[in-house]
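In the part that follows, the structures are each spelled out as C-alpha cells.
There are two complexes below, and they share chain A, which is joined by chain B in the first and by chain C in the second.
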Partner chain A sequence: MRFFDLLGQESDLSRNQRWGHYLTVFFGLFCFVIAINLRDNILYATVEYVNVEAGIRVNYPVGWLIDINGQGYIFRARDVSRIGYKTTLQISTIPLAVGIEARNILDDLSLFRSLRLSNYKILSIQPYTLPDGESATLMEYVFVSDDPNPFLEAVPIVVTGRDILTIRRGQAILITFLADSQTYDADLTIFNRFLSSSDF
Partner chain B sequence: MLKRVAILGFLPWLLLVLIWINAQDSDPSAPPFDLERIQRATVFIMQARTTLDKPLITCVSSGTLVSRDGLILTNAHATVTNPDCPGDRLIIALTVRPGEPPVPTYQAEVIQANEGLDIALLRINREFDGRLLNVDELALPFVELANSDQVQLDETVWVLGYPGIGDDPVLIARSVILGFTAEPSGGAKSWFKINVDEASDISVISGTMSGGGAYDRSGRLIGIPTTAPITRQVAVSVCQPLQDTNGDSLVNQNDVCIPLGGSINVLRPSNFARPLIRSASLGLNIETISLDARPSTPFVSITPRISNLFFAPSVINNAPSTVINSLPTGNSELYLFFDYENMTSNTIYELLVTYQGVPSPIFSLSPVRWSGGQSGLWYIGTNGQPLPNGDYEFTLFVDGIAAASPKLLRVGGPPTNDPSFSSLAFALIEGNQAFGDGYVIATGTTATARFIYNNLENGTPWTAIWYYNGVELSPRGGGEWFESNLSGSQTVSIFSQNGLPPGRYRLALYIADRLAALSDFTIAGTRRDAYPLIFSNTGFAIADSDTEALTANRIDNYSNPADALYFLFDWSRLAQGTRWRVRWLVDGTVFYDQEIAWNGTEDGQNFLMRLTAPERVPDGTYQVELLIDNVLLQSELFEMGIGQLPIDPFARAEGIQLRGQILDSATGIGIPNVTFMLISEDYSVGDFEARQDQLYAIATTDRNGRFQIERPLQLNAPYSVLIAVDGYLPLPADGVEVDENTPNPLEMTLYLTRDGS
Partner chain C sequence: MTISNPTWLTPPTEEEDRPIYRPVWRSIILQYGILLGFTAVLFVLANYLRLRLPPSPLINLGIVFLPLGLWIWFSFRVEQLYLYPRRQLFSIVIISALVAQAVGVPLVEDFLQVENWLSLAPAIDRIVGYTFTVGIVQEFLKYLIVRFMTWQDHLRERADCIAYAEAAALGYALVVSLRFALTGTPTPDVVAAHVFATVVVHLVAGIVVSYGLSESKFAESIFLLPASLALAALVTGIAIPIRAGLVNASLSPAALEFALPRPLFGIGFSATLLFAGLWGISFLYRVAQRRDRESRAAQEV
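Showing the complex of A and B:
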C-alpha cells in the first residue's frame, strides 16, 4: 500500500502560472457577474412611460401590455404572458376636495369595489413610506376575479391587491398592484421595483 | 357504338343523382346566416319580485342583444313593471351553448320603453348575483337592425325566441311574410303578418317567444314577434304556475302563475325600435321642463269603448278616403275605422276576422298593446295580401271582450256605381281665399271642406254634420243634392262670427242615412301664408341652468363641450287636448318621438325641452321637428361640436366570428388563462409595441383552453396574431385574413410548444 502526502507536496508552479490561475478565477467571476447582470437586464428590463399632463414618469417591465386610454386610470400595464391572472400595475389620479383625507378616498374606493368585485375584502390599511421618503397609505385587499365572457368555462381566480395612495399637487395618486394570490408575494418585487423607479 | 349509347344514357342519370345528393345536403329550413351568433344574442328574460324574502318570477319573455355592451330589445308588456307583470328586477339568461336551455347570467334594467308600441330597451347592469357590472368590459354577441321598410310580401324570415318557461333551447321558426297591417301609429307597415313555414318543425310561434327576433336572409333584425297575454280574462289566457307562492307546499292553480300568451302571428317592425336604440346607445335624455305643458297625469282607467265601425278602401293622412259597405274583386287594401275612448297603453286589443265563417289568421291581429291615444279615430288596415271574394266578419276585442258588434263586409263583383263622397280636405276661408294644408288650419271665422262626389243624382238627400271636440255643432248642412254633373267636387263650410275656437273638429257626410265620408282636422294657431302659425320663435340655446336657458340667445351651433342643449318655442291658439308631436333627430336619425295631448295654456312662451347625456352632449347635428296631424309645422337644426357623431368602432355585428382552442403540443391538453392577442390590421407583429390601442381584440382561454374573440373580424383585413406565454415558445402570425368564403364561425386550433431552455 502506498500513501501520498498531498498536503506536503511542494508547489512547483511558476509565478506566471499562479497569476494565470488567479486571472482565470477572476475572469470566471467576472463572467458570472456579467451573466447575472445580463439575466437581470433581460428579466427586469423596463420601458419608460412619461405622462407630462399627469406629472408621472414610470418604468414598467418590457413586454407588458400598456393601456393609457382606459376608464378610471391613466396608466395600466399587464403581464399578458402570464398563465393565470395577469399581474397588473396601474396608476390613477383622483381629484380632491377641500378637507378630504386619504382615508375618505380609500373608503369611497372600497365602497365602489364592493359593489363590483366578488368577495371583495379589505385585509389591511396602514401608513406607508414611499421610496422617495414621502408618506402614503397602503391598503391590501382580496377579491375573486372572473372572466366577463359568459360563453366560456372560466374558473374564477383569487386576486390580492395593493393600493398605495399619496397626495401630490392637490390630487390623490393611486398606485395599484394586482396579482394572483398564489404568486402575490413573489410578484411584489416587481411592484417594489416599479415603485422605486417611478416619479409622481 | 353500343358503348357510346350506354355512356350517353348513363350521364343524365348521374346528373339526376348528383342533383338529388345536392338537394339532400341543403336543409331548406336552415337559415343562410350565422345562426349561432344570433342564437347567442337571443336572451330569455324573467321579470321577478321579492316577496317575503323569496324571489318570485312573474313574467317571462324573449329578447335580443342589439349592442356588445348589453342593450336588449324586447317587448314592454313583460319587462316594464305593470299590474299584470309586477317585478323589481329583470333576470337575463343567455344561451351559453346552442341547443341547451338558457343560463341565468345577468340582471338588467329598463332604460327606454314605449308601452303602446310594446317595445322596451333593457341594459344589462348587474351580474346575476347583484354585483354592479362594468358594461365597458362586456363583449356580447349582438345583431344589427335591418331597414324594416324594405321587407317584402312572401319574404322568408326566421323567428327566434324561447318557446317555454325556461327549460327549452332557442327555437328557430322559419316563417313567411303574409301581409302588412296598417295603423295610424306606424303607417302601412305597422305590423308584419307572418305564418310559420311548412318546412319548419313547429306549427305555431308560442307566446313566450314574444320579444325575440325575426331575421331576414342577411341575419339582420327585421321585427319583434309580439303578442300581449290577456291576464284579466283568465279563461282565454294560458297561465303556468311555477312556484309555491302561497306556501301551501303545492304548486297549483292557487299559486301566482306566469302568463304565457297564445300564439304569435305578427311582428312589430324593427324600425320602431331605432329611436330607442339610438338614444340609449348615446345615453341621450330628453326632458320637458315647462311645467304647464308636460303630459297630463296618467289616465285613470275606466272601461274602454269602441264605436262607429266602418270600412275604407284607402287612407289619406290617417283619414278614410271614403266609406264603403262592399269591396270589388281584386283589392288588396282594406281599412277598418272606428272611434275609441278611454284607451291606455296597457289596453290590449285584438282583431278577429272570419272569412266565410272561418277565422282567418291572415287578416286577424293577435292581442297587442294599444299604441294610440286616449280617444279619437283609429284604423286597422290590411295591405299587400289580395282579399279573396267572400263574406268577411270583423270583430274587435278589448281586453279579451268583444268591444262592438261584428262588422260585415262582402268582397267580390265589379265596382259599383253607388253614389259616394270622398277625399275630404279642409281650409280656412278669408277674403274668398283658402288657406291651409288640408288637415291643420288656422283659427278664423270660416272653415271649409272640399270633397269629391260620384254618381250623385239630383234630389238625393245628403247631410253634413260638424263636430267640435266630439260634440255635434248645429245647424246640420245638406238637404237635397243639386248639381249639374253626376260627379265633381263640392265644398261645405262652417261659420262662426266670433271665430272658430281652436281644437279638434270632424266632418261627417251622409248620403241618405248612410255614412259616406268622414274626416277629422285641427284648428290651431293664427294664419300665416298657407300654413297656420302655431309654434314660433323656435330655437336652441346652451345654458348652465333651466332658468338661464329661458333668457339665453337662440343659436344654431356651439363648438365647446356642453352639459345640456335646450330647445325652446312659443305657441299660440293651441287648445288643450290637441295631439302634437315632437321629434328629435341626431345626424338624421330619430332618437326621440313622442305624440301627446297638449296640456298647457292656449297661448304661451318659452316651452322648454332639455337634452342631456351622461358626460356631455355628444357632437352631432341635432334637429327638432314639431308636427300636428303628421303635418310638419316647424323644424330647426343645430350643430354641436364638429356636427357629426363620433364613430363607434364596435357598431358592426357582421363579420367572421373567431374562436378556438390553445393546446399544449406535447400533451394535447388545453392551456387555461392564456392571452390571445389579435393585432389590428394597421400593425404587424414586428410593429407591435405591446400597446392596447394596437389590438383589435383580446381574449383569454378558459379551463379547456378555449377562447372566443367577440368582436367580429372584418373581411379582407390582414390581422396579426400573437400568443406569448411564459414557459412556451411564442406564436406570432401575420396576415390572418378572412373573406366571404371563410366559414363562420371560424374555428382555430393552436398548439404551443414548451420552451425547453
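Showing the complex of A and C:
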C-alpha cells in the first residue's frame, strides 16, 4: 500500500469513478480561477478622476475618499477603511522658477517636512523612470505619525513615504504615496498600479 | 488411504462476536452535542451569571483542543474496540491540519485576501465570494486529502467516508481555531463560540463531500462528487456571512434596543446548521444504503 496514490495507477477505478474525480478536480480549479477573478474585480477596481485644468487623469481605488480641495495638493485619495494610518495617494503641482532643478524642490520639501513631521528622515533619492518612459526623481522617507488627540491613547505609527517628482510643461508634478511602514511593501502595488494608469 | 494436507476449520473465536465497523452517527451526535452544551454553559456563565473567565491563552488552547479531545475519546478510542478499525483516521487529522496551515490558510488570507474585499461587501456578494474562495479552497483540499489517503484500501463501506471526512474537518478546523484563539486575547466564551461555529461548518461541509465520495466509490456516480463539492462550498459560503451578520452588532436603534446578547444568535445558528445538516445528510446516506441493499438482493435473486 502506498501512502499517496496520486495518479490512481494502482487502483481499479472504473470509468465513471475516474471521470468523477477528474470532474471534481476540474471543478475545484475552475472555481479557484473564478475566485481570483472576483478578487481582482473588487480589490483592484478603480474610479477615474480627470482634472483638465491641471492636466491629469488618474484611476484611484474604489472606496477611497477623494479630496480635491485641499491646500498644497490638487488630488488626494485615502483608504479610510484602514485601521491606523490611512494609506494615501496624492498629487500636487509646484511652479518652477528659472534655474530650479528637481533636487532643489526635493530639498525644499525636506526642509519643510522636517519642521512639521516628527522624526522625518530621508531614506534615498535616486533617478526613476515613469511607466510612460519619462525620467523622474524618486525620494523615499519615513516619519512618525502621532494622533494630536492625547485622549485617544493611540500608539504612534511609523509611516514610509515615496515622492516621485517629474517636470512637465514648466511645472513640477509631485506624486506622493504614504503608508504604514508595516504594510508599505504590500501597498506599494496599489501605488504602482495608480502610477501606471495615470496620465500627467 | 492416507490423508495429506488436511483442511482445518478455524473454530469461532470471541473476536468474531465483535461488531465489524464502528457506527459513526452516534459518536458524532455525542461529540458535537457535548461541544454545544459546553459552549452554551460558557455563554450563560459569561452573559447571564456574570462569571466571565479571564482571557488566558492556556484556557483558550484547552477550548480549541476540546473537539479533538472529544473525538479521540468518543471515536478514535472506540474505533480500536471493533474488529476492523479505520486505520487512517489520525493520519488524516494530522495531514489535514498541516495542509490547512501550509496551503489553505495562506491561500485564503494572503493570496485571495478575503478580508480586504469581502467583509464589507453586500450580502449576496459575500455569499458568492465566500463560496468561491473559502468554501472551495477548504472543501477541495479536504477532498484531496481524504481521496488520496483512503480511496485505495480504506473505504470499505459508506460510513468510512463519514468517519474520514470528520477527521479531515477536525484537523482543518483545529488550525483555523488556533489562529483565532492565539490572535489577541479573546475571552473563553468568545473562543468557545468561535470554535463551535468553525468545527460545525467544517463538519457539515465535509460530510456533504463524503456523501459524494461514497456515491462515487460505491455507486460509481460521475456527477454527485463534483456536485457535493459545490454544495459543501455553498454551505460554507452561506454559513460564514450569516453567522457574522448575526453575531456582529448592528448600528440601527432597533438592534441596540434588542435585549438578547448577539452571540446567542451565532450559537443558535451553528446548532441549527449542525442538526439540520446532519439530519439531511444522514437521510441521504440511509436512502443510499437501502438502495445498495435492494440492489444486492436483486442480484442474489
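Worth pointing out:
Everything below uses one rule, namely that the second predicted complex is superposed on the first by the 163 of 200 C-alpha atoms of A that agree within 3 Å, B and C clash if a C-alpha of one lies under 4 Å from a C-alpha of the other, contacts with A are read in each partner's own complex, and residues count from 1 in each chain.
To be clear about the criterion, contacts are C-beta pairs under 8 Å (C-beta built on N, C-alpha and C of every residue); 3 or more make two chains touch, one makes a residue touch a chain.
Note that the structure is a prediction, hence the values are computed from the model and not measured.
Look at A:124: by the touch rule set out above, it reaches neither chain B nor chain C.
Contacts of A:81 after superposition on the shared chain: both chain B and chain C are touched. Applying the stated contact rule after C-alpha superposition, one finds that A:32 touches chain C and leaves chain B untouched. In the superposition on chain A, contact of A:19 is made with chain C only, not with chain B. Look at A:150: by the touch rule set out above, it reaches chain B but stays clear of chain C. When the shared chain is aligned, chain B comes close enough to touch A:71, but chain C does not. Look at A:42: by the touch rule set out above, it reaches chain C but stays clear of chain B.
In the superposed model, A:116 lies in contact with chain B only, and not with chain C. In the three-chain superposition model, chain A touches both chain B and chain C at residues 81.
Those residues of chain A whose C-beta lies close enough to touch chain B in the complex are 63-71, 80-86, 115-118, 147-155, 157. Per the touch definition, chain C reaches chain A in the complex via residues 112-113, 116-118, 120-121, 125, 128-129, 132-133, 136-137, 140, 143, 147-149, 151-153, 212, 216-217, 220-226, 229-230, 233. Residues 40, 94, 96-97, 103, 105-106, 127, 129, 131-134, 136-140, 671-675, 677, 690-693, 695, 698-704, 706-708, 710, 724-727 of chain B are the ones that touch chain A when the two sit in their complex. By the touch rule above, chain A contacts chain C in their complex via residues 1-6, 8, 10-11, 14, 16-17, 19-21, 23-24, 26-28, 31-32, 34-36, 38-39, 42-43, 81.
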